[in-house]
């Protein structure tokens, strides 16, 4: 077996094969250790793959002995190579964190099922990212979505509202997937192919109603998956009631993958040859900006911190859409940069909240009072991640928000300039809702109420995982150059400015 | 090439910070040593030395030593030294610090060869000197200091504005002669701004009140230090930049006249001397305004000697105040009995400032009058003669007469302390020395060819001057004899500063209260708006609000359909 | 000083002594006279203004102007004079 | 019990043909309409029908819920394992050709698809049945405290 030649398929196959095996492991620590090892191995594979792509350019991999247009092909360029590395990095950090957290939240006998679902979700997300086949995207999207519904529902052990949240998520996710697959069907009808590159080539010049309808269905379906503004309603409850580690994992990966797929369809499958792309981009601009404000305002009033952060995620997706909607290399690069950085900050924030949930049993704002004294590592990690989310200089969030701003102003014209100012304004809203939490954390310990008793500090593993994420925020805030170069190149390859060759 | 360590500004400024760290007993000797060291470095400098520095693409000349700066640096050193000796008993850290730092700033300014450097020293001078005004630490001096600082900073702002415009005009930053007007006769805005900035510091008429407002309120030594530097730095700059500016002649002439009347009716003798500063600077500015070799020599030479005898007068009044606690004419008088030495020094100062032959004022003042005469400017010449009579009145007669003679106040204070006497003695020796043997001073003047032909002790000059002064004294004697000389009465005399201290102040407070109420209105309104907006936002975005509550799944599905419909409509009919 | 009682006599300093005052005044008169006379002997060689050639010009100017300053100037007090604590009351 | 007599008879009658049809769909999946997914569903539907007629307990005795995960895992591993085996045999993922490289009748292809479809069928069958067991075995009502 030629390791390098088989490399593109391994990150999918590994968790995919590992998932059923996990189900057979005895309940307890074993599934967790297994899942963690698999995540680490996958992370290593993704890094090697990213390096290969960076050096050699886009990699294609044909499956089942059928070459590209006919069979299923995997195709990895810098964009999905990067998203792949991001997902597996988040998994590699969150899976170890999940151990102590899950022990508290999930029934002991359910652990094999939990980690199986987690690995399947992970494998699905990686599959969505890695594949170059449009229908394969749907299949993997469903694999990850179905396991996600299960994982969210497993939060019922702590809060029964997780069941309704999971159910709503299931219905909405299925609607989204259905729309997506209807769109694919229409595309297949128009072109007779499902391979993305092939689709693009055959779609050129086809400006008919079928293609338009396909586009509308795909955009709506994916919009649901990535929680674009009016279609975001499933996200806050799902994130709030899911187990802590699942929230951290999903917030950092699921919507990001959906954003990636949206990018892929916009720029690779449809591309600039379509006159309606600009309409779609305006659509995203409006919805992105609306998302930034509606969700930020909603976050301002939430007393449930997980809910607040979930709304904040919706707002952050607005930023990414805004970047994408600019339609320039700078804009897309900024959107990608924010995608990566937002994964770091949200994962860190939700992990911090998970520590609090573990020790205080609540993610209400009142549980955070005096946290800086009670759990200093968690609290300060959270403060730094919050600073990153608000876009304070020196953190990753600043870099990507700055890149977004720059892209908006560089685009020129009235609308992008206004959008640029709106980014600043909405960042101020982020400061407001994050300040609420930070202020409460810095207050003295509560003297009455349910959160007066002293607590043990969170397990070392959870704190270490949290701080790995926090340090990622700081590192990419201070040394963002490499990541910026990566996203810029990825964006230019994606948009066809660069042919995707080796540098 | 001058080193940074040659700059007396730097030496004294560093010294100022060193001495506050020293034990109090060592402060004054250390100050003397530092000034001595600085003076020694000054000796080593050659005319024409300069330091050139390129910073941020600007060519700066932080130090430029020429004939003019040499003269001012020498006399500034003398003034600092005299004050250190005079205030020997004052060990207070702030005052010691300020009485080195403030002269340091002025000296740095004198040595500056470009506008940027000057601006820095200029502002530093303002900031360090205000501590001397504040030093008595009363509410009155606090307010006076604030007024003083506002005016000084305003002048700095004007200076900076002028510098910026000048730089935009010419691209050069070197300090050199400027024409106030363009060839077309219009004012050059840069030059005008610089002119007014320097004018504020030289206390132009109507811009002069800060001198009388703040100087007399300082400590004894503080007043002396203050009286020397700011105005003389301004004179130096006028000589550098605006020599031969006709406007300056008239401004100077007015400056020589109006303080005479205010000094006449002023009861506080230190305030009288503050008016005298205005009057004296007026002479110098007039000389600079003529811009001829003679008048320029006269102006800067007069500045040199004036610093010494003006200080001497301040010192003697200060000594009286030190012993009696007051400087008011109505509360002094008859002190000649117990303070004969102070009286003697005071008289020497008075004779010097009145320009009696044989004293310092005489040898240089004539040059300024010659400038007017050479220009055939009869009116100015008469004004200057008139002002000379006025100087005699308020500085030459009023100061010693009301301090030491007049009606007997009954106070029998001790003679001034020895260090004060030494300082006064040194000043007196210098005043007489310059008067009798002016050549060393003449050698420092900028126009050597002219001064070589000048002989102050020509017979007619002596006769003229004696006629003027002796008959003025005669008039005084007769006025006293026939009880026509107005008695001193305790009063506050309104001057131009009334405008900003009473109606201006009231207006300011009115405006401030208006702004405050406007702000309250705006802020209150804004708060109300914010509260209302927040309430409304909470209604829509709060946990139970339309945009944030948990919707039933059917509703979400409906939304999906709506989005799809909108997308289709857009794609079909808009795109 | 005429109303001083005998005890005050010893407080009368040298400058208040009538003999000194008289002597000083006579010295002044004589100096003035001498200067006046000298004015006729030493004239400026190159006068700029006609008045400089008048021998008693400077004496007269000095006398008149000094008197003028004192006699006119004191009326300024009526215009600008205020109680001593004028500003303190307003600040 | 007697009132479902006709139903039960019919179920008994149909049970075996349904299983047979499922196997037919399963084994013809590689070159005719059908395949593992459909076959698994049909196979499961037979048991579901049985459970409808004879009760959950009886069915669970026949096919215990505890074996279903193993079925599921085996099915998935069969599917994924085939791909992995092709990897180790030097081909690409799911490159069945390498299973029987010298065959003239594309035996490798046949074998590969057969194995994969079998895995899919097993997995789908067990998943369907598991889901049915969960729904059918639910407690009738959720008490107020649970909400």
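Assorted remarks:
Just so it is clear, A, B, C and D label the chains in written order, and each chain counts residues from 1 on its own.
As a convention for this text, contacts are C-beta pairs under 8 Å (C-beta built on N, C-alpha and C of every residue); 3 or more make two chains touch, one makes a residue touch a chain.
What you are looking at is a predicted structure, and each value in this text was computed from that prediction instead of being measured.
The distance from the centre of chain B to the centre of chain D, with each centre set as the mean of the Cα atoms, comes to 102 Å. In whole angstrom, the spacing between the mean C-alpha positions of chain A and chain B is 68. Each chain gets a centre from the mean of its Cα atoms; for chain C and chain D, those two points are 131 Å apart. Computed from the mean C-alpha positions, the centre of chain A lies at a distance of 34 Å from the centre of chain D. Chain contact topology: the protein chains form an open path, each linked only to its neighbours in the line.
Listed by chain label, the pairs that touch are A-B, A-D, B-C.
Chain A meets chain D in the complex at residues 1-2, 6, 9, 13, 16-17, 19-21, 23-24, 61-65, 160. On chain B, the positions that touch chain A within their shared complex are 537-538, 540-543, 545, 547-548, 550-551, 553, 555-557, 559-560, 562-564, 567-568, 570-572, 574-575. Across the complex, chain A is touched by residues 69-70, 72-73, 76-77, 80-81, 83-84, 87-88, 90-97, 109, 146-147 of chain D.
Those residues of chain B that touch chain C in the shared complex are 139-140, 143, 260-262, 264-265, 334, 336-337, 373-374, 376, 378, 381, 385-386, 389-390, 392-393, 404-405, 408, 459-460, 463-477, 479, 481, 484-486, 489-495, 498, 501-502, 505.
Residues of chain C that touch chain B in their complex: 1, 11, 13-16, 25, 28-29, 31-32, 35-36, 38-39, 41-45, 48-49, 56-67, 69-71, 73-74, 76-77, 79-88, 90-91.
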